[in-house]
Amino acid sequence: MGNITLKNVHKAFGATVIIPDIDLDIADGEFVVFVGPSGCGKSTLLRLIAGLEDTTSGTILIDGREVTDEAPAKRGLAMVFQSYALYPHMSVYNNIAFPLKMAKVDKDTIDRKVRSAATTLNLTNYLERRPGQLSGGQRQRVAIGRAIVRQPKAFLFDEPLSNLDAALRGTMRLEISELHQQLATTMIYVTHDQVEAMTMADKIVVLNAGNIEQVGSPLELYRSPRNLFVAGFIGSPRMNLITGAEAAKHGAQTIGVRPEHLKLSTASGTWKGTVGVAEHLGSDTFLHIQVDGIGQVTARADGEFAVDHGDQVWLTPEPGKIHRFNEAGEAI
Amino acid sequence: MGNITLKNVHKAFGATVIIPDIDLDIADGEFVVFVGPSGCGKSTLLRLIAGLEDTTSGTILIDGREVTDEAPAKRGLAMVFQSYALYPHMSVYNNIAFPLKMAKVDKDTIDRKVRSAATTLNLTNYLERRPGQLSGGQRQRVAIGRAIVRQPKAFLFDEPLSNLDAALRGTMRLEISELHQQLATTMIYVTHDQVEAMTMADKIVVLNAGNIEQVGSPLELYRSPRNLFVAGFIGSPRMNLITGAEAAKHGAQTIGVRPEHLKLSTASGTWKGTVGVAEHLGSDTFLHIQVDGIGQVTARADGEFAVDHGDQVWLTPEPGKIHRFNEAGEAI
Amino acid sequence: ETITIATVNNGDMIRMQRLAEDFTAKHPDIQLQWVTLEENVLRERVTTDIAAGGGQYDVMTIGNYEVPIWAKQGWLLELDGLGDDYDVDDLLPAIRGGLTVDGKLYAAPFYGESAMIMYRTDLFEAAGLEMPASPTWEFIGEAARKIKADNPDVNGICLRGKAGWGENMAFITALANSYGGRWFDENWQPQFDQPEWKEAFQFYIDLMNDAGPAGASSNGFNENLTLFQQGKCGMWMDATVAASFVSNPEDSQVADKVDFAIFPSKEGVDNHGHWLWSWNLAVPASSGKAEAAQTFISWATDKAYTEMVAEKEGWANVPPGTRTSLYENAAYKEAAPFAEPTLEAMNAADITKPSVKPVPYTGGQFVAIPEFQGLGTTVGQLFAAALAGQSSVDDALAQAQNIATREMTRAGYIK
Amino acid sequence: MATRQTRTLARFMMAPAVVLLLIWMIVPLSMTIWYSFQNYNLLNPMTRGFAGWSNYVYFYTDPAFYQAIGNTLMLVGGVLFITVVGGILLALLLDQPIFGQGIVRILVISPFFVMPPVAALVWKNMIMHPGYGVFADISRFFGLQPVDWFAQYPLFSIIIIVAWQWLPFATLILLTALQSLDEEQKEAAEMDGANFLNRFWYLTLPHLARAITVVILIQTIFLLAVYAEILVTTNGGPGYASTNLAFLIYRTALLSYDVGGASAGGVIAVILANIVAIFLMRAVGRNLDR
Amino acid sequence: MARRVSTRHKVIATFAAWLVAFVIFFPILYMVITSLKTEPEAIAGINLIPSFTLESYVAVQQQNDYFKPFMNSVVIALGSTLVALIIAIPAAWSMAFSPTKRTKDILMWMLSTKMMPAVGVLVPLFIIFRDTGLLDTRIGLTMILTLINLPIVVWMLYTYFREIPGEILEAARMDGASLSGEIIYVLTPMAVPGIASTMLLNIILAWNEAFWTLRLAAANAAPLTAFIASFSSPQGLFWAKLSAASTLAIAPILIMGWFSQRQLVRGLTFGAVK
């Protein structure tokens, strides 16, 4: 079981309010991702749940039991840190065994559990090594191994992949997703990587300055962002946000169109523009287009779309893919 | 001028050969990107050119003049390091002025040049700050500023953006590209980021274990990789490489199809498979499909393509987008 | 011209330093530079300097232990430029003898001392004791124990216990002398295995254990002085200079209750220890400013200096023990009740014949050979260990015998 | 970083320090070795001459020799033990949030600034003196017989004094090391259910290993040479109870002025110090790399 | 961990820390207090409130001028530290940035030269000094202390330099800095905390060095260690005077230590222990 509920949680460091007031409900077995700009309080929120910080007010329930004032170790959660926080002087085996040792589990059980975790994580050959002798991905796995041996009610991950290189990040992402499917334990995951958030989450929580802007499944957020902040934050490249006359035409203060929802043509279309930089990725081409009367707009074309700096192109937003926002920035 | 030529360059650390033997010609004004897996010798090659390491044998020419044994400072090159390597105890102004000071340029000229560089790089308001008080992107710009004031024959960049976050990386990428257009100076750029390599390079040099696998423009490499290594290395997600009976049908040892060149259908197609993990990015969906008789294949679908774990789908490779390789791994 | 003077940091020397304005006033062409050091550090540095010819000092303060040794090595200049007014014959013969080698004077005494008993008249009276004219150790032992028994917070006797050839060994050697013991026989064989030493040393240990202060093994001259001044000692046997300190009411709480007596002897042995010490000023051969140095020495050890001190600081504070004329001076005798016993003690000391048995060396409470510093201190440590209860009397003596034999053999005395 | 040119320059730059230290080592050392085979007593310049091994035999057969070695080890070991254990405890204490942290830290590190003779004098006369010392006053207050520290426990007393001087150094190094312990590691351990003692044992102590190594290394170098404290307080006694090797040589050199014997002692001490050094580097030097 | 620290915990910790600090500091405190007492007061048992008389200081100054040895101490300590730094910085640079297989050994060898018992080489050195006229000169003492402290300086600087990323020096090299430029403009200023801390430590060690300073200088160059040696056991009551002299001898370095404590600690945190 791993049902986590936050009620009116408020956190301030001295006079600085970091989290004004949050309510959140995380169901058992869910994979929840916290995203938000740097400094918005993601880590703080995670640490409140872990018990590494005290709430200023409000209550935290785990499986219905109030744990607000309980020590981290008592909450039955496991955390994977951004820096991995492995114990540098212990072997991989001992790192993974550590929480069990602390729980005074007997030797044989420890051994069995550590080996089974190592098997799950493909670490069997490295059990005798020190963390310093492992690659980034392996270290990450050890950190996860240390978390899973305890069979916690929930896992907390704080940007666990941000120290890895792109390729490894992709692999580890899949591994964690698989782990989640295998264990079906609640996971709370902090990241600011778009791809991670979109691909891993059952539910994304978008935070902004300590407030929850929107909660929903990745596609929900992608398709119907509740406000400008979420619209701008979710999706890569960013949604084109257009104000002024063009927006007014749609009866909105601002309209948004994602680059992938703009049809490109060298012949005709709704908006006419001039190609600025064209980024050829092979599979796709991102065009930065100066659209007359609107400004800079990014559009995605396929890899073979042959245009050059200075060419004239026409853009047509896909119907039904235009997001409209009012003065307060909320979706209409 | 900034024409760099490497002839039979060989580098070994003790008994370990890092670069067996390389010939390379970089034309004046070119933007050359070195890519390759970690540890393949990209940095070493760059440092050989810079003069920070000695060649074990071979010669390096800059503008036709042999510089193999010359001190770094004499070669007229500028380098931007991954860690920026700013002088923490100097203000931004002094950081940028440092190379000029070392060259004993007079005060007024220094001032003029520093201010002009600062203007180019949008740093005018930060000249009095210390590097520690700057954001990552600003620091990066200072490092570039330090490089450009000397009007070097060529710029060397060693993974200059890898310490920045994704959004900033995008911005800085554009800035460096623009700088290149503006200055038209030779640039050699090391990265392992696909997007950077593809979007910035005039010419990509793919390195593997110290050998040059292929040299060419980004789209050349994307469209016609010379061998399996390049095929697998360029493009994201990776090209699907298929061996066995299916490859034999095309008269090759291995065939390769990029995920974006696989048409998906729920009704019919060449290959039939079962959807494994589906990664929904919103704009795209990457499907990991278990294809009967072939194995795991990745395909790209658009964001709205509605399939789920376990669904049956058909895949059709786009004609003419199939790459064929012989036993030696070379393209046929 | 600047001369560098190395002095020990005791009261008389510091007073001399203070009064040196008088000298510079008289000799404006000579500047004085002082190096004032604690006794052991001073000795160590001065010795290193003179032996290695460092030439850092022009005037050195040295003991009568060093003078003959150094003079023989040719390290000291003969003092032949002290001036016509300098009345050499006025020097106490015992002192002068110790500073003269082959008829030449190599150092001028600044002050001299022997040893004597200082005791508390009030405590003696209360205990019904009377100090005999020539006390014996037996009497001293009884008296000390009696005083201790009568007065719980007063120690019957305070004696040196701190290790060092100039500390506990000075006293113990004098004690052994008075018991008829000696350091070496005519063949330089150490004598710690002889009954005289055993008897003397056993007496010392027993006495200190029964009637001495706690922690006696770290007590040297200074510590005992302080104890006595505070009224914590019934008796104290030590250098005669102490007399002026204990009878000075400013520092001493018992100034009016002290009297003095000659250093004890063992019954049947006519020997009062032969303790004789003087601090002297000498000019090292390595000095390039011998003339100025002698001028200074002459000033500092002359009768005129004594008179100047008397005038400025009172007769009780003049450096004692160097000149006969001082002890004939009525004003001094008046101001210094200890003058008589001091003179008596000094005259009784004969450093050429410290023991009743024949010896191959000179020196009273020390043995005037270069090796004595090291040997004496090592033996002093062994004796201090016995006093601290860390070893037995027999062990200490046996080890002393052993080490002395070893050192004397190494130095080539024992063939 | 490493072109031929810079490597050559590097050798060149290192030269002054290396050459100076070589001279500083070789000249006196060779003179010492030379003298160690000479009969040379400063006070007896007449008896110069070749001595063979007699100086070594003499020094080696000194009744105090073995005890001096034992005392040296005791002194070094004792002080190291007190300063490392005390330093860790103090560092843990000072790492806590407390009022007036700055002042406390200043007070704690102060003994490090006190020159050894002063430290010894103050302890000897004002703290441990059996008559006037503070300890004696305290004992008397409780109705106990004051302890004569330097007579009863000479080596221990010296260990206390030296440890007092070096405790701040150990504390300072260990405290800074403690503060460099990764916060996330501590939190991870906390999440893993480790209580304070567990965290100390499994996390803090291993983290401090390198700092402890530094403390041991540097202090050993200085502790092997301790002599001023002994000279001022016990003069090596009573007996030989507080004579260490450095003091034994001192005694030979500056009390007996036996240059030959002292030189032989110096050579022996150099050899022993190097044995200690090698042992130390082996046992502990590994910790320094990382 | 910005967790709630219970005030009770803080109070207990504060109490314990202050108690320990007081005990450790007590000998120094008591020394200062005693120096402000009269002599009889000084031996009259524990008494933390002196009569605040300065008579001992006056007596001490009268007996032995304080300022000359003080100046000698300052000159010798600062001088030897500076010279050592000038020699050690290039050496540490080359060890840290151009290491060879030997580097560690050389370093350890340097440290081991410190283990040489000083008395063993006193006489040879004394003779060398005598013959070169260095006896009792500030230059001579400065030289000796430089040599004595050099290993520690090199070692400390080496540990600091190793923390500095080599890329920065390479950047300077690319920017056209010569080797001396690299060291003077980039390395040294970057290592300022470390160098400061090394400097402080060495000033302290040099200030407190009491073997060579006491034996190779008599008068002209004698520093405060000699000053204190003239008070260590004179006749009569001397506790207060001894305390006054001791206080004078350690006060400058103690005060410097207090004020630069932060630098000392800051330097230590990056380098030696990390």
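Labels A, B, C, D and E are assigned to the chains in the order they are written; within every chain, residues are numbered from 1.
Note that in this section contacts are C-beta pairs under 8 Å (C-beta built on N, C-alpha and C of every residue); 3 or more make two chains touch, one makes a residue touch a chain.
It should be emphasised that the depicted structure is a prediction, and the values quoted were computed from it without experimental measurement.
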Q: Note the shortest touch-path length, in steps, from subunit B to subunit E.
A: 1
Q) A-D versus C-D: which has more C-beta pairs touching? A) C-D
**Q.** Where subunit A and subunit D are represented by their mean Cα positions, the distance between them in whole Å
**A.** 55
Q. Taking each chain's centre as the mean position of its Cα atoms, how many Å separate subunit A from subunit E?
A. 54
Q) Using the average of all C-alpha atoms in each chain as its centre, how far is it in Å between subunit B and subunit C? A) 91
Q. For subunit C, what residues touch not just one other chain but two or more?
A. 44, 48, 52
Q. Can you list the residues of subunit B that touch 2 or more other chains?
A. 52, 71
Q. Where in subunit D do residues touch two or more other chains at once?
A. 1-2, 42, 131, 187, 254
**Q.** Residues on subunit C engaged by subunit E in the complex (per definition of touch)
**A.** 4, 6, 9-11, 14, 17-18, 33-39, 41, 44-45, 48-49, 52-57, 220-222, 225-226, 229-230, 241, 245, 251
**Q.** subunit D residues touching subunit A - in the complex, by the definition given at the top
**A.** 182, 184-185, 187-195, 198, 202-203, 206-207, 209
Q) If you look only at subunit D, which of its residues touch subunit E in the complex? A) 1-2, 6-7, 9-11, 13-14, 16-18, 20-21, 24-25, 27-29, 31-32, 35, 42, 90, 93-94, 96-101, 103-119, 121-123, 125-127, 131-132, 134, 137-138, 164, 167-168, 172-173, 175-177, 179-180, 183, 186-187, 210-211, 214, 217-218, 221-222, 224-225, 227-228, 232, 245-246, 249-250, 253-254, 259, 262-263, 265-267, 269-270, 273-274, 276-277, 281, 285, 289
Q) Where on subunit B does subunit E make contact in their complex? A) 50, 52, 71-73, 77-79, 81-83, 85-90, 98-99, 102-103, 146, 150
Q | Contact set on subunit A toward subunit B in their complex | A | 38, 165-166, 170, 174, 177-178, 192-195, 198-199, 218-219, 222-223, 234-237, 258-260, 277, 279-284, 300, 302-303
